[in-house]
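Here it is, the structure, as structure tokens.
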Amino acid sequence: MKKRMFLKLSASAALALSIGAVQAAETLKIGAVAPKTGGLAGGAVVSFWPNVKLWAHDVNTRGGLDVGGTKYMVEIIEYDDQTNPGETIKAVQRLATQDKADFILAPYSTGLNIAAAPVYARYGYPMITHTAISDQVEELSNKFPNMYFTLGGASGLAEGVVDVLSAMKANGDIGNRVAMVNVADAFGIELAERAEPSMKAAGFDIVYKTSYPLGTQDLSPVVKGAKDANPDAFVAFSYPPDTFGLTKQAVVESLNVKAFYTAVATAFPAYAGANGAAANNVLGAGGVNADDPDFQAYMKRHEEVTGEKPDFWASGMVYASFQILEQAIEATDSIDRKVVSEYIANNDFDTLMGKISWDENNNNSAYWTVGQWQDGVFKGVASTGREGAVAPRLKQGWE
Amino acid sequence: MGILITGLLLGGTYALIAMGLNLQYGMSRIMNLANGEILVAGGFAAFWFWTAGSLSPLLTIFILAPVAFVVNWLIYVIILRPLVKRARSRGQLEVDAILTTFGLSFVAVGIMLATFGGDYFSYSYLLSPVELWSETYALNRILAFVAAVIICGALYLWLNISRAGMSIRAIAVSPDSSRLVGIDVPKLAALAFALGGAVTAVGGALISTFLTLDASTGVIFTLKALVIVIMGGVGDVRGTIVAALLLGVLETFVARLIDPGLTLAAAYLLFILILLFRPQGLFGRRQS
Amino acid sequence: MMRMKSTDYKALSVSIVLLLIAICLPWIVGDFALTLAVNMAMFTVLATSWALFSGPTHYISLATAAFFGLGAYTMGLGVDHLPFWLLVILAGLFGAIMAGIIGLATLRLSGVYFVIFTLGLAEMTRQIITYIQNATGQKGILISIWFEESTFYWMLVALAALIFLVGWLIGRSRLGFALRIIGDDEEVARHSGINTALSKVLLFMIPGSVAAMSGAIIAPRYGYIEPLIAFTPMLSFQVVIMALLGGTGRLWGPLAGVIPFSILWELISASFPNQTTLLLGLSFLIIVYLLPQGFVGLLLKIRAKIGDGRGY
């Protein structure tokens, strides 16, 4: 009683092909596990799931993956892990042993990736993570040689913010007073920890610093506290619900800073949707080369195929991680996981996010760190070696 | 002063979250674990009407309240009443209600995912500053507070003055004796449950103007509501109001004067302390 | 010690056979079934120990996640300094101590007040740990050791066997007797000279300690500990649901809930990835309506029917 998730489009495409062409297409089973419910569903539903659909659609309308002359259509088998690591482990195990998936896309978020990593390793699946952010990449890649990291590390993301602010300070646009707050949860803690010494080294004075628990329903004390300290820049290492909440509160309090930064979910289309003109010139974690024609074509396809807009950070990287797998399969003309893994380890890849290459820890060391909403588009303003960054603008009020 | 007002505003939000559950648990004896989902659904409705039809959440609540009332009434009559009839003891009903409403909350999340998707939803409505005694507050929060005052006040008066209201309170105190004096317990329990659902949905619509929600966040609100209802004392409107305001003021005090990182820890600490000294909650009656 | 009756010997031999089967499972079944079995073993441990306290006292505790998280963090913080086994035992000790304190604090609470109190407590524990984590600037903890799936499984089975043994001993002891009276009528129990408070607190330490040990054992399996994962309130609810669906009147009741429920959960999440939550919810409802006495009730009914058939 296994009901396979055959995407309608891929099914119809396969039908058209089998009628039109003489050779019957083979199928390649690809597993996908991520939250559809639970704490991280709000992020996975924007950044992960639409890309799975889009990628399968792209590959199948092209006629499938070309493996040594044989065309392989992609069949996606998807599971909801309910944001529960126990369920992630179970689902990946199920894909490996019950569904006999040929490849499994990496799960969503740092914690769920690390929980599932041993299963990927046991069955030799390459694990190209797209949403795992950790500064312990060295330890992880030693333990799991098949694990790759694309989205960057906390240090880079935190230092990106410091660099952007330093540039503004050097131009004389802002002074050295920074208010820095963070959500007291995994990612927020690590970013704040990294940013503080860098801020001080760059000559900034942290005039207000605090944390707040995940799930805080009234952020006005935080914004009021920051405002009382009269900062030139406001930096919040925040998570989705509070990224929205802090921005709204800043509007109410008319927190007039020249640089306003919130972290996760600032790059989401819902952020611009919720805040309208107030979102303009807000800085946030992530970014893309928004003027790149490849990315623009991707955005267009994403909206056409899935009916949703991609975000301007993880979405592109999620798709890029699928592209890496796709390119490795086609380049090796093999669906042998060992062969494909070896190719991934030893090659660079051209993706919609630009060229991706690995350092000694299987880590993509060139990634976007800071972006900014500029007239309805979230553009990358700082990176660790990406091309296409635009100059950051100053925040001019909240109108 | 500023802290006190901010705290009271937050307390108003909490009262909106918890009042519906108090009616449902206190009056009809159903500990509704799907309460948070009703709240999120109310928020969804407000979001949808606002983005699709530019209908102000203030008008939406007038459509929402009767719809939520009917839906919750049906839930009670179709799903919960058989359990009430079947239960041999209070404990049995409590267990069955936990299991059933937990199942219902899953169903509600599933339905919301299918209809609205799992994305965050957030919009800006009346996001303008209001100055009171040289401090600024968000207009939408003030509005929610005023609505909370109106709703709670109306409920309190209704429960204390009208015949139906007093009968419902009688049920809360003693369902068996109230049956003896000629109160139609099944009908009024359904009424209380439906009313609680309507209040929760309206609360959801109001708080969606300043909080960001998604299909899976309901459980957070259920937890908060449970804590407030229990802290105030089951079945007493005043208790819920006082508990909500206390929590709001305490959280704001801690956030402004000590450390925002400790707000929730302080809130739960207060809850635990209150229960240690008043095991039946602030306004609760001693259970036999 | 009371003398063993023949039915006891029968029950004992059945238990031993079942335990042997459970131990041999990893050699018999495939990798995936083993992963399922790890989940089942974990929930058997949690639900059975939960029911040891909640079954006789009718107190529904939602604090499982608090203890589980406490254990997971004990492992996470200590794994680089102390041996694994010592940490599991330490976690058990911490869990027992915390449960003892909570037990003393909650003596005066009854019914739903106790339920929500335990919930509030779980949340407070999580908040405090988050705050401390923030103060020390540590993010999620990466756990450097890892075992084979079968090792996790055996550890949990051993823990389950231990709980069954303890449960069986309690059932035969003065404490068990006292608890049954408390469950029936606390007033009567008090009048017959039973120290109700002490009995309850002692008993509450069992699920607390066991949940903490499970958290410590499972932590290396997750490999990465953060508050959202370690303290997920869903865990507390799942344990309650499984135990209640099984039935808390018998020692093996929760087990009778965990196994069919895990299979159902698996079937639904494997077959309907987009409606998992919706269908799980519906199946709760159906089970509550069709099996008012839980799976134990169903099994006893079947046994009674077979028994009748034999009798005539």
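We just call them A, B and C in the order they show up, numbering each chain from 1.
To be clear about the criterion, a residue touches a chain if its C-beta (ideal position, glycine included) is under 8 Å from a C-beta of that chain, and two chains touch if they have at least 3 such contacts.
Just so it is clear, the model here is predicted, and its values are computed rather than measured.
Trainee: If you check the contacts of subunit B and subunit C, which chains show up for both?
Mentor: In this structure, the chains that contact subunit C and also subunit B are A.
Trainee: Report the chain whose mean Cα position is at the greatest distance from that of subunit B.
Mentor: Farthest by centroid: A.
Trainee: Averaging over Cα atoms per chain, report the distance between subunit B and subunit C in Å.
Mentor: 31
Trainee: Please report how many Å separate the Cα centroid of subunit A from that of subunit C, as a whole number.
Mentor: Those two chain centres are 37 Å apart.
Trainee: Return the residues of subunit B touching two or more other chains; collapse runs of consecutive numbers into ranges.
Mentor: If we look for residues of subunit B contacting two or more partner chains, we find 109, 113, 261, 264-265.
Trainee: Mark out which residues of subunit C touch at least two other chains, giving numbers and ranges.
Mentor: Touching at least two other chains: 127, 130-131, 134, 234, 274, 276-277.
Trainee: Residues of subunit A that contact two or more other chains, please.
Mentor: Touching at least two other chains: 36-39, 83, 184, 211, 213.
Trainee: If we count contacts the way the header does, which residues on subunit C are in touch with subunit A in the complex?
Mentor: Interface residues on subunit C, with respect to subunit A: 30-32, 35-36, 39, 42, 127, 130-131, 133-134, 137-140, 142, 144, 146, 218, 221-224, 226-229, 232, 234, 266-267, 269-274, 276-277.
Trainee: Tell me, which parts of subunit B touch subunit C in their complex?
Mentor: 25, 31, 33, 79, 82-83, 86, 90-91, 94-96, 98-100, 102-111, 113-114, 219, 223, 226-227, 229-230, 234, 261-262, 264-265, 268-269, 271-272, 275-276, 279-281, 287
Trainee: Which part of subunit A faces subunit B closely enough to touch in the complex?
Mentor: Those residues of subunit A that touch subunit B are 36-39, 41-42, 44-46, 83, 181, 184, 210-213, 215-218, 220-222, 224-225, 240-241, 244-245, 248-249, 251-254, 265, 268, 270, 273-276, 278, 308.
Trainee: Taking the complex as given, what residues does subunit B use to touch subunit A?
Mentor: 2-3, 6, 9-10, 13, 51, 109, 113, 117-124, 127-129, 135-138, 141, 210-212, 214-217, 220, 248, 251-252, 255-256, 259-261, 263-265
Trainee: How about subunit A: which of its residues touch subunit C in the complex?
Mentor: 1-3, 5, 36-39, 78-80, 82-87, 89-91, 93-94, 96-98, 110-111, 114-115, 117-118, 134, 136, 139-140, 143, 154, 182, 184-187, 189-190, 192-193, 211, 213-214
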